[in-house]
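Have a look at the structure that comes next, please.
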Amino acid sequence: MVHIEAKIKDMGIELPIRPPNPKGNYIPFLKQPSPTKGRTLIYVAGHLPQLSTSAGGALVTGRVGETLTAEEGAAAAKLCAVSILGTVRAAAGDLDKVTKIVKVVGFVNCTDDFISQPQVLNGASDFFVEVFGREIGAHARSAIGTNVLPLEVPVEIEAIVEVDE
Amino acid sequence: MVHIEAKIKDMGIELPIRPPNPKGNYIPFLKQPSPTKGRTLIYVAGHLPQLSTSAGGALVTGRVGETLTAEEGAAAAKLCAVSILGTVRAAAGDLDKVTKIVKVVGFVNCTDDFISQPQVLNGASDFFVEVFGREIGAHARSAIGTNVLPLEVPVEIEAIVEVDE
Amino acid sequence: MVHIEAKIKDMGIELPIRPPNPKGNYIPFLKQPSPTKGRTLIYVAGHLPQLSTSAGGALVTGRVGETLTAEEGAAAAKLCAVSILGTVRAAAGDLDKVTKIVKVVGFVNCTDDFISQPQVLNGASDFFVEVFGREIGAHARSAIGTNVLPLEVPVEIEAIVEVDE
């Protein structure tokens, strides 16, 4: 077993065995050559917080500031990040190949007066940094609030991840 | 006449003769070299659903879940995609040069209880896949709900498209 | 003193001395090689409208269409752009190295009936074009409305900027 996946398992987290079933006519990831020779950029589609590790598993639903607290939102954001890493593993073959979490954009389904979107998204960002360390895991990020998200989820996260070929 | 444009015409769709007039101080597309030699990445600005094929043509307006159904939202998303292809044609000279629809991000102006953003955006994604086939047309995507969009449109879509130089 | 920074100073604007303190577990910018040899792409995280030039300075707060006018929103968008340039200067060492403002995505915290997001974001876009001229400063852009943003700010802007190494 490789290092990163062992680490994730030691954290008590089970990675999805394959990318989630797309919710529409799109693909969960798309690989493009990186400008850095020998590396690939993975454009990861918006991922939702999936409770189970099966590809069609149940989603966390709710609205932060209404039916969910900021902490519950952060837990959902972490599930988005877990789902993203399942997809990156499927795309790259092995999470030890990850060279950089480049960019993360996260949307939080919340009430008009909830203003702690960064706290919610830290659920994902903390996980990436814990798994890969700061040098690889620290990323540029935008945190956005919104009035509603697909299938009533509280968080949706997309990413760009660089990996060795 | 080239293959892709003939195919679009056979679908009964007329491409805009040039990119839409920007709604602010920006440009409708920006070309950057692709990491793949001989190819170009086109960053396509957020495009709105335009009813007519003229650059300053009328827009579809409305809010999904309120004044528009999901199906009407999907029809508007398709118009965004048509407008995007008009812009890509202007940028690349010829749609046969498209090598990959890389990434699509779509925002749906909708009520707080409308949760079928993926269905709405399929109006655009289905069109891309129908026109280019899955190998070129299938893309990574994020579908986001929001409380309002510019000029009261129901959908706004941006994209990254790769083309041969 | 270099040309671009002198120009900004002549406009009566003081650039932040360093990137803003991140509002969560992320980094304000991430550099990646550009496909164009000798150039670097800077992925700039979502930046908020900061009143002061200190890294932890006060933010503009409010909601466009409610507590702020479109003009006040545009002034806030300009502050986001100023903050972004402070970050780009920190990343690149010198704003004269900027070769292209590639892409801007801006979110406007606004009421459901406010539809002039492009006007608000022109506060940032006009500034980029004024500072760098059209050839370098004109960019692809998406303008999105939303019901709420982190820390109650009226505008959040992220960008991709290309610079000479």
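We just call them A, B and C in the order they show up, numbering each chain from 1.
What we mean here is this: a contact is a pair of C-beta atoms (placed from the backbone, for glycine too) under 8 Å apart; a residue touches a chain by one contact, two chains touch by 3 or more.
Since the model is a prediction, treat every value here as computed from it, not as a measurement.
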item	value
Rotation angle (°) superposing Cα atoms of chain B on chain C, nearest 5	120
Classification of the chain A:chain B interface as same or different, half of numbers criterion	different
Length of the line joining the C-alpha centres of chain A and chain B, rounded to whole Å	25
For chain B, residues that touch 2 or more chains besides their own	34-35, 105, 146-147
Residues of chain C defined as touching chain B within the complex	34-36, 100, 102-105, 110-119, 121-122, 125-126, 129, 138-147, 160, 162
Sites on chain C touched by chain A in the complex	23-30, 32-35, 41, 43-46, 105, 107, 109, 146-152, 156, 158
